[in-house]
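Sending over a structure as C-alpha cells; questions will come in a sec.
The first chain written gets the first letter, and so on, giving A, B, C and D; residue counts start at 1 in each chain.
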Amino acid sequence: MNRLLKSPLSGIIPPLVTPLLDDDTLDVRGLECLIERLIDGGVNALFILGTTGEAQCLSYKLRAEMIRETCRITADRLPVLVCISDTSIVESVRLAQVAANYGAEAVVSAPPYYFASAQPELVEFYDKLIKDLPLPLFLYNMPTHTKVNFAPQTIYRIAENPKVIGFKDSSANLVYFQSVMHIMKDHPNFSMLVGPEEVTGEVVLMGGNGGINGGANMFPKLYVALYNAAKEHNFEELYRLQKIVMQISTTVYTIGKYGSSYLKSLKCALSLLGVCSDFVAAPFNHFEKEERDQVRIALENLNMDLDLKS
Amino acid sequence: MNRLLKSPLSGIIPPLVTPLLDDDTLDVRGLECLIERLIDGGVNALFILGTTGEAQCLSYKLRAEMIRETCRITADRLPVLVCISDTSIVESVRLAQVAANYGAEAVVSAPPYYFASAQPELVEFYDKLIKDLPLPLFLYNMPTHTKVNFAPQTIYRIAENPKVIGFKDSSANLVYFQSVMHIMKDHPNFSMLVGPEEVTGEVVLMGGNGGINGGANMFPKLYVALYNAAKEHNFEELYRLQKIVMQISTTVYTIGKYGSSYLKSLKCALSLLGVCSDFVAAPFNHFEKEERDQVRIALENLNMDLDLKS
Amino acid sequence: MNRLLKSPLSGIIPPLVTPLLDDDTLDVRGLECLIERLIDGGVNALFILGTTGEAQCLSYKLRAEMIRETCRITADRLPVLVCISDTSIVESVRLAQVAANYGAEAVVSAPPYYFASAQPELVEFYDKLIKDLPLPLFLYNMPTHTKVNFAPQTIYRIAENPKVIGFKDSSANLVYFQSVMHIMKDHPNFSMLVGPEEVTGEVVLMGGNGGINGGANMFPKLYVALYNAAKEHNFEELYRLQKIVMQISTTVYTIGKYGSSYLKSLKCALSLLGVCSDFVAAPFNHFEKEERDQVRIALENLNMDLDLKS
Amino acid sequence: MNRLLKSPLSGIIPPLVTPLLDDDTLDVRGLECLIERLIDGGVNALFILGTTGEAQCLSYKLRAEMIRETCRITADRLPVLVCISDTSIVESVRLAQVAANYGAEAVVSAPPYYFASAQPELVEFYDKLIKDLPLPLFLYNMPTHTKVNFAPQTIYRIAENPKVIGFKDSSANLVYFQSVMHIMKDHPNFSMLVGPEEVTGEVVLMGGNGGINGGANMFPKLYVALYNAAKEHNFEELYRLQKIVMQISTTVYTIGKYGSSYLKSLKCALSLLGVCSDFVAAPFNHFEKEERDQVRIALENLNMDLDLKS
C-alpha cells in the first residue's frame, strides 16, 4: 500500500468535480476526459468526493461508482484520495473499504456535519474511525459546512496515530493555518495542504505542501505552474500567475447569485471547455443560458497563455 | 392512505430516540418498550429519525430497520411520521419509499445540510423532491443544523402543493413562528408544530397545533397534559406543568458539557427509567457514571405527580 | 425616587424613536407630538435611547438633549427609562447621571458591544457599573447587536443586587425567555419584558410583564389593547389584534432591503402619520419616494379600527 | 499635511495599547516609554485607538488625551494614525478634528458596529464621513467586531475618493485579502496592511505593504526584522522569525480563558517588560497572579535574540 504516495504529499491535488448526467448517473466519458486532462496537466494526486465533488449530494451507489471508475481510469498513474466525510461513522467506514478495494491510496475526512462536535468529541470520533480504516487518513477542515474547526491541539492529538498523514484546510483563515503548521512543525512528513487556490502561493512560500484547488479541474497547468513558481521562489512568475488565479476567482466564480455559484460556475466552465457535463446535483442546478454566456466571456477574458489552458 | 392522519395533525408527537445497542444495532426491545409507553401516554402520533432520533448518525440499513420495526410495533394504532432529511435527494426519496412500504403515514424533511441553500434553491429542491414522494410531507425548520431558515414565503410557496401538510419549527424563534402562522392563516388544515417543549404551551395558546417535544420520550403524559391545559385555557394547570417542563429543561438537559448534552441526557434518563439502552451513536457517546448520577438526581428532584411519569 | 415605577413594571412601554432634523439636531416638536400620542394611547412608561431610538448613532450631546426634552415633556406623567448602553463604562455612568438629573426613573443597559464579553466578564462589568448608578437598572438582552446572550444564571447573579429590577429580551428566542422566567420565578417583582411585538401576546399569557414594542410608536392603543386582551385571557380579541400586529410586522417592516428596514419603515410611517420627521441618522438614511409610497399603502391596508390608530 | 506619510504607507505600524492607570486615567509615563521603545525599534508609523488600543472602552475625554499625548511625545518623528471608529458619525468627525488639531497624519475607520450595515449603506456612510474629514483615511476591516465585511467592490468604490489612502484588514481571511489586493491592483499607492501578525510575512511576500501587528508593542524589532526578511525574500531569516512570532501567538496570547485573552496578555507582558501599566479597561480586567506568572514564563521561553527584545 501507498506505493504511490510520497511523504509528505505535495503539489497540486485537484478536488475533482463529479461529472453527472443526472442526479444518479455518472458521466463516465466526462470523468475519463477530466482525469486525462489532469494527469496531462502535471497534478500530483487526485482527490475525489470532496465538497467540489458534491459527494454529500450523491447516493452511496453513485459514490462507490465514482471511486471505482476513478481508480480504473487512473490505473495507478497517480495516487487517488477518497473523501469519506459522512454524518454516519458506519457509512464512512464502508466508503473507506470501497476505496481500499478499488485501489485508492488514502481517505480524507471532515467532521460529521449535522451535529456540531466539541473538540474532545472530535478526538474520540477520530480515534474510533481510524481504528476501522484500511487506508491512511487526511483530516479535512471545512468549518462553513461542518460548523466546527479542528483546534490545532486536536489535530496534533489525532495525528499521534501514524495513519494520519496530512491535513487539508478550507477555512481561508491563514492565521489558523499558521497555527496548525506551528504545532505540527516537528512532523515534517505530515502534509499541510490548503483548499482555496487564492492562497496556495503564499502557503507554499511559507513552507506548506500544496493546494487542493478546485480551479485545477479547469486549468491544471496553471495551478501546477503557480505551485512551482512559489516552490522555486520565482516571484515574477508567481505574481503573473497569481493575477490569473485571482481573475478566475473574481470573475468565473462570482457568476450567479448564491453560495452555490462556485460549483455551478466550475461545472459550467468544464462543459464549455469540452471536458464534461454541467449537470449539478440537487439541491442545486446548472446555469441557464444567461449565466452560461457570462462564464464563456469570463473564460475568454482570461487571455491565458494557451499552454496553461489544458 | 392517511386513514390515521387527522387534519391538521395536532397534539403531542414525540420525536423518538433511536434505541441502540451499538453504532449499527437497533435495541428492538427498548423500542418496543418506548412505543408502548408513548401510546399509553396518550400521544397523537410518532415521529422517527429526526434530530432526537440521531438519524444522520445511523447507517441507511439501520434507518430502514427503525422504520420497519416502528411500523410493526405501532401496528396502525397511531400515525407514524418518518424524517427523511438527507444531503442526497436520491437517498431521501429511497427512505420515503421504505416508509411507504412499511405503512408510515407521512414523511418529514429538513433542507439538505451540507451545502446551505438559498430560498429559490429550496423551492426548486422541494418541487423536485415532492414529485417523487409516495407520502404527504411535513417541512422541518432546523437552522442551527441545516444553516438555513425557510423564509415564510418559501413555505407558503412550497405548500401550494397539497401534499405538503404541515410544518415543524425547531428554531426557538417565536417571532419567526408567528410569521409562518400569519402567512399560512388561510390554510387551517396546515399543521403548525413546534420543536422545543419549553414553548409548546404558548404556541398552542396562540393557535398552533402542537409540539414535537423530545421530553415526551421520557414523560409522555406530562406533555400531553400540558398540551391539553393550553388547549383548554386552563392557566392554573398550564403554569403548574410548565414549571415542571422548565425544570426538566434547566436540569436534566444541561448535564454534561457540550451541544450534545440534550441527546446524552435524554437517552441516559430513558435508561434510568428502564425504557431502553443509553447508547449514543458516534460522534457522541453515552454519559459516564458521574453524569449518570446527576441525571438520576435531576429526575428524582422533579417530584412529579407519579401519574405523569409514564 | 421611583415614585412612578410600579413593581414589577408591566404593560406596554414604547421604545421611542428619536425624532431628528439632521444627524445632530433633535426634532423637538416631533418628540412632543410623539410623547403626547403615547401618553394618550395608554402606555405604561417611556423607554428612550434604545435600539429603536438609534442611540448609538447619536452624539452624546444629542443623547443628553433627548433625555432632557423627554423628561420635560413627560413631566412625571409616566416613568421614563433611559438606555445607557455604551462600549465605555465611563460614558454609561455619565449618561445615567444625566438621566437622574433630569428626573428619569430608571436606566437600561445592554452589554458593551464592540468586544464580546464572556459571562464572568459580564458579571464583573455589571457589578462595577451598578455601584456607580444613581438609578435602578433593567438588563437588556440584544444578542444580534451585542454578540453575547446573558446566560440565565448571569442574570440571576447580577439581579442579586436589588437595584436590578427587570429584564428586556430582544432575542426573539422564547425558549431562552422561558429559561430566564424560570430562574427568576422567586423574584415576582422582577419585571420580565419582551422586545419583539410579535410575541408580546404569548409572553403575557405565560406570565411575562409586558412589551417594549417598537410598533407602539405608531399605534400605542393597538399594543395596549393587545396587552390587555392577553392579560385578561380574552382570546377572541387577542387573536383579532395579533393578526393586525402580524400584518404590520410582515408588511410595514419588510419594506426596503436591508437589516435597517424596520427602523426606516417605522420613522417613515410616523412621518406619514404626521407625528415626526422621518430623518434616520447615519449610517442609515430615510426612505425615498418609492418605498415611502409602499409604506403608505401598507398603512392604508391595515384597515384598523380607527380608535386604535392614535 | 502628510509630510511624514510615505505613499503607500509600508512596514510595521504598531497598534498601540492605551496605557491606563484606571478606567479614565491615562498612564502618561507608560505611554512615553512605549513610544520611545517603538521608535527605537524601527517601526514606520504609530496607530492609536484601534481595537488593541481599547478605544471603544474609553471615554471621549480620554481618547482626546491619548491623541494629544501621543502627538506630543512623537513630535513628528513618525506619522501618527488615529482610529476614529465609532457608532456615531458626529463623534467620529469630532475625533478626526481632534486628531488634525494635534498633528496626526491620518485617520482610520471601521464601520459603525452597533447596527450592521449593508454594502450600499457603507458606501453612503463613508461618502458622508469623508466629506467632513480633515485628514486622509484608511479603511479598517474588523468583521468579528463590526459584524460586516467590506466587500472588495465597496472598498474600490469608496477609494475613488483620493482621501482614502489605504486599508487594514483584520479578518484573518487571506482569500479575502487577495481579493482586495486584486481589485486595487491598479492603485499602487493604496496601502494594503494586515492586522494579524501571524500572516504579515506572507502578505508582504505576496506584495502587501505591511502589518499593523499588536505584538510589535512588545517586540518592535522582531516584527520589523520579519517585515524586512519578507521584503528582501530572505527565507531562512523569515522562517526563523516566523517561528518566534508563532510561539508568541500560541503561548503568550492564549493565556486566560476568554476572547479577551489577547488584550490582557499583551498588557500583562508590557507590564512585565517594564513598559507600562497592565490595567485593562472595563468590561475587562487585568490578569491575576496565576496568569501573570504564565505570561512571565511564556516570555522567558521565547529565548529570543536579545537584540529583538526591545
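In this text, a residue touches a chain if its C-beta (ideal position, glycine included) is under 8 Å from a C-beta of that chain, and two chains touch if they have at least 3 such contacts.
These figures come from a predicted structure and were not determined experimentally.
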Set of chains adjacent to chain B and to chain C: none
Homomeric contact chain C-chain D: same or different residue positions, threshold half: same
Interchain centroid distance [CA atoms averaged], chain C/chain D, Å: 36
Averaged-CA centre spacing for the pair chain D and chain B, given as whole angstrom: 50
Residues of chain D that touch chain A when the two form their complex: 152, 172-176, 178-179, 181-183, 185, 196, 198-199, 201-203, 205-207, 233, 235, 239, 242-243, 246-247, 249-250
Residues of chain C touching chain D in the complex: 23-24, 51, 56-60, 62, 87-91, 94, 111-118, 120-122, 124-125, 128-129, 145, 147, 257-260, 263, 281-285
